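Have a look at these structures, which come just after this line.
Look for subunit A in each of the two complexes below; its partner is subunit B in the first and subunit C in the second.
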Partner chain A sequence: MIAFIAKRLAAGVVLLVAVSVGTFFLAHTAITDPTVGLLGTTATEAQREALTIKLGLDRPLIVQFWDWFSHAAIGDFGTSWRNFQSVNDQIAIKLPVTLSVVSFATLLTAFFGITLGMIAGLNPNSMLDRMSKGITVVLFALPGFWVSLVLVIWFAVNLRWFPAVGYVQPTQSITGWLRSITLPAVSLSLMGIVVVAEQLRNEVIAVNKQDFVRTLRSRGLSQGQVIIHILRNACPAALTMLAIMFVSLLSGAIVVEAIFSLPGIGQLINSSSQIGDIPVLLGITVVSVIFVVIVNFLLDIALGWINPKVRVK
Partner chain B sequence: MSKTITTVAAISAVAMALTVSAPALAQDGPGELKIGNFLDVTSWDPALADIGFDGPYLSAVYDPLIALEPDGSLTPVLATSWEYSDDRTSITMDLRQGVTFHDGAVFDAEAAVANLEHLKAGARSNEAYVNVWEFKVVDEDTIQIDLTQRDDTILYLMGLGRSYMASPDKLDTLTEAPAGSGPYLLDTDRSVPGSEYHFNKVADHWDSETYPFEDIAIYPILDATARHNAMLSGQINVNFADAENIPQAEQMGWNISSRVSGWVGLQFVDHTGQFVEALADVRVRQALNYAFNGGAILNAIGAGAGVVTNQVFPVGTPGYDASLNDMYAYNLDKARELLAEAGYADGFAVTMPMSPIFAQWQPAVVQVFNELGIEVTWDDMQMMDYQINAPKYPLFISFIAMDNDPAATLARQLTSEQWYNLNPEYGEFPELADLVASAKEATGEDQVAAITEVNRQLTEMAWWSVWYQAENTYFSTPEIEVQPVTGMMFPLLRHIQPK
Partner chain C sequence: MSTTAIVQEDADPRASKRQSIFSRFIRTPAGIISLGVILFIIAVAVLAPWISPQDPNYVDLFAAKAPPSAEHWLGGDSTGRDILSRLIWGTRTTLWGALITIVTALVIGAPAGVVAGYFGGAFDRAASWVSDAIQAIPGMIILLVVAAGTRQNFPLLMATVGVLLTPGYYRIARARTLTIRNEPFVAAAWVAGLSHPRIIVKHIFPGVYAPIIIQTALAAGIAMGIQAGLQFLGIGSANVPSWGAMMNEGFRFMLTSPLLLLWPSAALGVTIAALAVMGSTLGDLVRVRTPSAGKKATAAAATANAAARAPATGAFAYDADKAAVRVENLRVAYATPSGESEVVHGISFDVAPGEVLGIVGESGSGKSQTVFSMLDLLPSGGRYEADGIVISGRDVAKLPAKERAKLLGSEIGYIPQEPMSNLDPCYTIGFQLMQPLRSVHKKSRKEARDIARAMLERVGIADVDRVMKSYPFEISGGMAQRVLIAGAIAGQPSVLLADEPTTALDVTVQAEVLELLRELQDEFHMALVLVTHNFGVVADICDRVIVMRDGDIVEVGEVRETFAGAKEPYTRDLISASLDGAASRRELDEEFAGKGANAQPAAQGA
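And now, the complex of A and B:
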């Protein structure tokens, strides 16, 4: 198990370094002169030149890269070119917002996806299955942004149960925080619920047909005990989907944060990319990759724990 | 079964908890002004801040020397009066006494000069002070601004948002936190950078009556639909609005205020034909004025929020001449005729820049140019690169902000170097240059008349192909009134008042 974990960790580090290097050079290639975005069009050549020197952009790109990389390797992502505040601090402020929404969305996805998938899978072609399939098809067909807008109009504008925009920190008000992330999380989770439910339904149907299930039933186990066995065998696929959903929800949060005006990572990406604030963009990229690595790592551990054959592979 | 019931009960309890506390979302009292702005504050340092959407943020925490009013006049704020020297190369300003910054520092002539020098050195604010030779302290409450040459735009630009005064001790740290003498203090505990900014009223502010709202919140919300929903749900009561929502705003009984903010059309860079010979022929440029149906473009793309005109002087302001608007009424046949007269019956080839922001107008250009046989090649680029490179092309699609001051319009649209006008070419045309020189020498009403004449000449020369002037629109709840100001994307707090 330790070797298994070590291999996964090493793969994660390689991925992190590769993405960091690629992003650094891509960003510097795409944004030709960041001083235009940072200083505006009224700045003089002398002012642009002074900022270029201040930011170290007059140095060879490889020197800039090593400067950034050597600091990033010890967790220091430098300072924003826009306001000269710590990138770490800015990410630390914004990340909890995005994580709140994405985590809540993942929880909703897990709960409703697994529930719908189990109901449909245990009762194939029944009324429940058809209803579940109908719901998932409808959810799948609806564009996410449209659903978001409908939710806002119903629950924020008409009923005023939830705020239309904005974020409340949990330290200010727990119920306020829950209200502020509910609609964004529901919007984000709908597609995930469909995918997880469909995946789990098919797995449950497949597992349910296996000999060991028939054996369990013949031994007189209760339906609940049999379901636990089925779920344990069917859940790797659902777990994988949930992990993928978590990662994709992180990127999907950019759109939802815009619709609900949430001060999360998506908003920071948006504002930083508009003015070419490369240190912030790099910091966000690295942190995002770290999350992807961690989620995949935990998934591998979980799958390995559930199914020892995975560890052997 | 019992577990199911427990689960359902738990979910119901959470739902109840959420809905029971819902009234907390109800609108606050009329004492609070809640603004939905389009962009976040670019910087708390007035030297680095953009005028565009920063007005409400900066005018909350800073007092300016001079403020611009919606009608284009200048209001004394920290400068109580000002006077030009006879040769108009020096301005003497009297300053308000008894004003202190929030940190306790005193506002006086020394502080004003320190601020003005800071603004002159600023990457964004320097545009106001390009012709300043020196700022001088005359006495404790008087300063003098010596100019290298006559400059009729400096006071206008100062009023537009380039004369905010900050505590002289904090000039080097303004990017971290504002330090002004304004009517409100930024409440950092309640504010979330990038999301919401809360301001508390300063009880003993010298101009408290101009700022009647007890509390102010400004929410930068990039998405127009999100801002509109925030307004519908009562989270904001003033909104930088999308004109598409005007019918619903009318149904809601909201106040709707609009004012032209920028012109949309083609910026001709190459009037001398250095790169594309055809553009040197006035008939070709006139053809490109006749060929675009500004009204149709305004309705299709701008939701009708604007005024069809062929001028860059804001509609209804000094310098604008309504009688010129029919000079190039849409007429594609006339355009073809003019091109043929100029020897370009089969069109010509041109390369133009394109950025996503301008892509909405690209189909109109493609269609019209196809009709005229003009072969256009597009170079795609991001907006930042567009601002650097567009004026290096012979012509480009533009949305250029306008000014509610004829001298400023003349300077910023024609005679001074701007990102969209890197090489002002008017000097290459003697008749135009003479008219400009006359306008620059005149003062008062004579100057307005002279600038109007320049405008006529520019229109006849088809200096631009202006399709329309776009409006900025603001919604406010019935108890609040917004007075938009041409030149500012969002007006100052002094322009938002209880009705």
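And now, the complex of A and C:
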């Protein structure tokens, strides 16, 4: 077990370093002169030069990289080029917003995806299966932000059940917080529900055909008990989908955050990329990859618990 | 089907396969509609300069937020530009962007996947690592950085989306290639001296292209979604009409002019939906090609209709009230695309308590189907009817499904054929033995554990503590079959159904397992129905035997009489086929000389 953890940790660190290095050089190659974005097109040559020196952009790229990397390695992502605030602080303020929306979306996905997938998989080609397949295709088709727009119009503008925009801190009001993240979470979850349900349906159909299910039934187990056996065998792929969805939404909910005016990571990414605030973008990238590593690690442990055969490998 | 079709298939499997999938695809309603929509959209994009009623950037101030009219069919946008024209030109932008994305992803991902899957080794490890790393990268950040850095160069941006989508292609191509590479015909081609590139072109490519096409339909939809999302965020030239930018404008004015949002949203939704429907329909067609449960049905389909409703075959040996099991006129049928196909055509037989009945026949004779019917556990699509299935004096065929299920595990025990696939891989042996005892027989945890341990000891497992804690993959096939026998008898059933219980085992283990079954059957005075294709097994432990062929019973009799002089030539063929070989010969001689049980040592000696 310790060897397993050490190995995963090492692989995670390698991935983290690789993605950091890649993103650093990509960002500096793509954004050749950050002062254009930061000062706008009206700035004078002298202003530009002053900022270049202030940010240390006149140094060789490899020196800049080491300066950033050696600090990032000890958890200090530097300061924003726009307002010279600590990148760590900015991420710390925005992350809880995104985390609460994305976690809620993941919960919704898990619940509805697994329920729908189970029902469809246990009754393949039934009316319900065909209906859910129809819904699947339609939902998969529609981008999350498209659905957000519909939800805003319908539930926030027409029915006024939920606020159209804005975020309420849970410390201010728990119900207000829940109401403020419901519509964004629903629109982020739809795609995931479809993917998880489809994945689980196919797995359930495959497991249901296996010999051991008949043998379990022949022992007199109830339908509920047999379903638990089937679910445990069928769920790894769907669980992997859930994990992928969770981490990809952490930095991928930009458009939905923009529609609902949520002050989350997505908004920070959007505003920072428009002016080329590289330290902020690098900080968010590293934090996202840390989440990828942690979630993948937890996923491996969960998969090993579900199917002990995986543990041996 | 004539022979020419087969010849064609041999000559060029790609061509005939493509034709058949494509022609079946356009014959489904979903297929023809989605294809029609996509062709229409492509036509609109190509013909945009000719069909667009106006210049998409021409500003007519009087048309600002105008409702649909004769001049502006869909109305005007917030600055007075013609919405229909912008929608038509936006189609061009959307398709062009999606094309760049999928070509990029396809050209990088698919060949890399084929090479990694075919050759394996260092390239496979490196490419798989890169693929995983790309998936770990926060894609939107990369896209926005590229957008900011390249002054919103859209083709480059869409190519970047393509790079981010390469892992999808890589994984599919690699997995398919791995599967095909392990097929015997690829090894044969290699031995025959074909070069690797030729094998890839001739054998790998035909198997890889179908899932790649499906992936492309889905990837195109995803690319359009991302593209519209980026445009919605304001990325892209203001002069190039795009659906995403139109949606952004609609969003800003959605309270006053909801139509502004409707048109581009509908265009995007319909396009992506058509792609998704096309992908999923193609996927279904490709998946249907792989044979599944249909095999059993087709094997017997030829004879099914001719024999349908023929009188029941077989006979009863006991009075109805003396039999432990009495099956009367059992018919089993499977639903197939061309209607129902009968695989068991009305058979009757019975077993007395403490008797061992062998059911012998070749694969497809319907013997396993008979057992599944008695359990009421036919695979999906299967259905049986019978004038009666009497078990311990009750006609269970007339019971409701719930009542019927209650007999399982208490009145009827079942031993399956393939030991390794009949234990749930996710649970320990101990759990799997104890669960039915606890829930069906209402034992406490401790009682259940004691019974399970006693049963394992009874079936001859030496290291009971270790086996209880083991997972199925940690024990041998012979041990797994003993575990399954322990599970079947733990509920002390009066009837035990064993479906080829020794077929998957080593010869030496087979004899031990048969011996064990015989002992247990004697000890608990169970009626044992033993399905097998092997007359040697019948000789070993059965009292009576019925011979099945193509869903009918062709012979019933005492084992010794049947061996001495079978009435049916088919039975004689089966006997000589089963007992072909020195060891079996000896076994048979001993069977004739003395009693069945004496045959044991001989079988072990083999």
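As a working rule, the second predicted complex is superposed on the first by the 309 of 313 C-alpha atoms of A that agree within 3 Å, B and C clash if a C-alpha of one lies under 4 Å from a C-alpha of the other, contacts with A are read in each partner's own complex, and residues count from 1 in each chain.
Criterion: a contact is a pair of C-beta atoms (placed from the backbone, for glycine too) under 8 Å apart; a residue touches a chain by one contact, two chains touch by 3 or more.
All values reported here derive from a predicted model rather than from experimental measurement.
J.: Putting subunit B and subunit C onto subunit A via the overlay, clash or fit?
T.: Aligned on subunit A, subunit C clashes with subunit B.
J.: Please indicate which partner A:N83 is in contact with in the superposed arrangement: first for subunit B, second for subunit C, both, or neither.
T.: first
J.: Applying the touch criterion given at the start, work out whether A:V292 contacts subunit B, subunit C, both or neither, answering first, second, both or neither.
T.: second
J.: State whether A:A18 touches subunit B only (first), subunit C only (second), both chains, or neither.
T.: After superposition on chain A, A:A18 lies in contact with subunit C alone.
J.: After lining up the shared chain so the two structures overlap, which partner does A:I93 touch, if you call subunit B first and subunit C second: first, second, both or neither?
T.: first
J.: Scan A:Y167 for contacts with subunit B and subunit C and give back first, second, both or neither.
T.: So A:Y167 only meets subunit B here.
J.: When both complexes are superposed, which of subunit B and subunit C contacts more residues belonging to subunit A?
T.: When the residues of subunit A touched by each partner are counted, C comes out ahead.
J.: Which partner chains sit in contact with A:A10 here, subunit B, subunit C, both or neither? Use first/second/both/neither.
T.: neither
J.: Does the superposition put A:V63 against subunit B (first), subunit C (second), both, or neither?
T.: After superposing on A, A:V63 lies clear of both subunit B and subunit C.
J.: Answer with first, second, both or neither: which of subunit B and subunit C does A:S261 touch in the superposed model?
T.: Only subunit B is touched by A:S261; subunit C is not.
J.: Is A:G37 contacted by the first partner subunit B, the second partner subunit C, both or neither?
T.: Both: A:G37 reaches subunit B and subunit C.
J.: After superposing on chain A, which stretch of subunit B overlaps subunit C: 200-208, 290-298 or 416-424?
T.: 290-298
J.: Where on subunit A do the contacts from subunit B and from subunit C line up?
T.: 30-32, 37, 149, 152-153, 157, 258-259, 270, 274-276
J.: Under the stated contact criterion, what part of subunit A meets subunit B in this complex?
T.: Listed in rising order, the residues are 30-34, 36-37, 39-44, 47, 51, 83-85, 93-94, 149, 152-153, 156-157, 159-167, 169, 175-176, 178-179, 182, 258-263, 267-268, 270-271, 274-276.
J.: Can you check the complex and tell me which residues of subunit B touch subunit A?
T.: Contact set of subunit B toward subunit A: 14, 17-19, 21-22, 24-26, 40, 43, 48, 50, 123-124, 126-127, 175-176, 192-196, 219-223, 225-227, 229-230, 232-235, 382-385, 387-388, 418-419.
J.: In the complex of these two chains, what residues of subunit C are touching subunit A?
T.: Of all residues in subunit C, those touching subunit A are 132-133, 135-142, 144-150, 221, 225-226, 228-229, 232-233, 247, 251, 254-255, 258, 261, 265, 268-269, 272-273, 275-277, 280, 292-293, 372, 375, 377, 379-380, 405-410, 412-414, 416-418, 421-427, 435-436, 439-440, 471, 473, 484, 487-488, 491.
J.: Quick one: in the complex, what on subunit A touches subunit C?
T.: It comes out as residues 15, 18-19, 22-23, 26-27, 29-32, 37, 124, 133, 136-138, 140-146, 149-150, 152-153, 157, 208-212, 214-222, 225, 229, 232-233, 244, 247-248, 250-252, 254-255, 258-259, 266, 269-270, 273-276, 281, 284-285, 288-289, 292-293, 306-309, 312.
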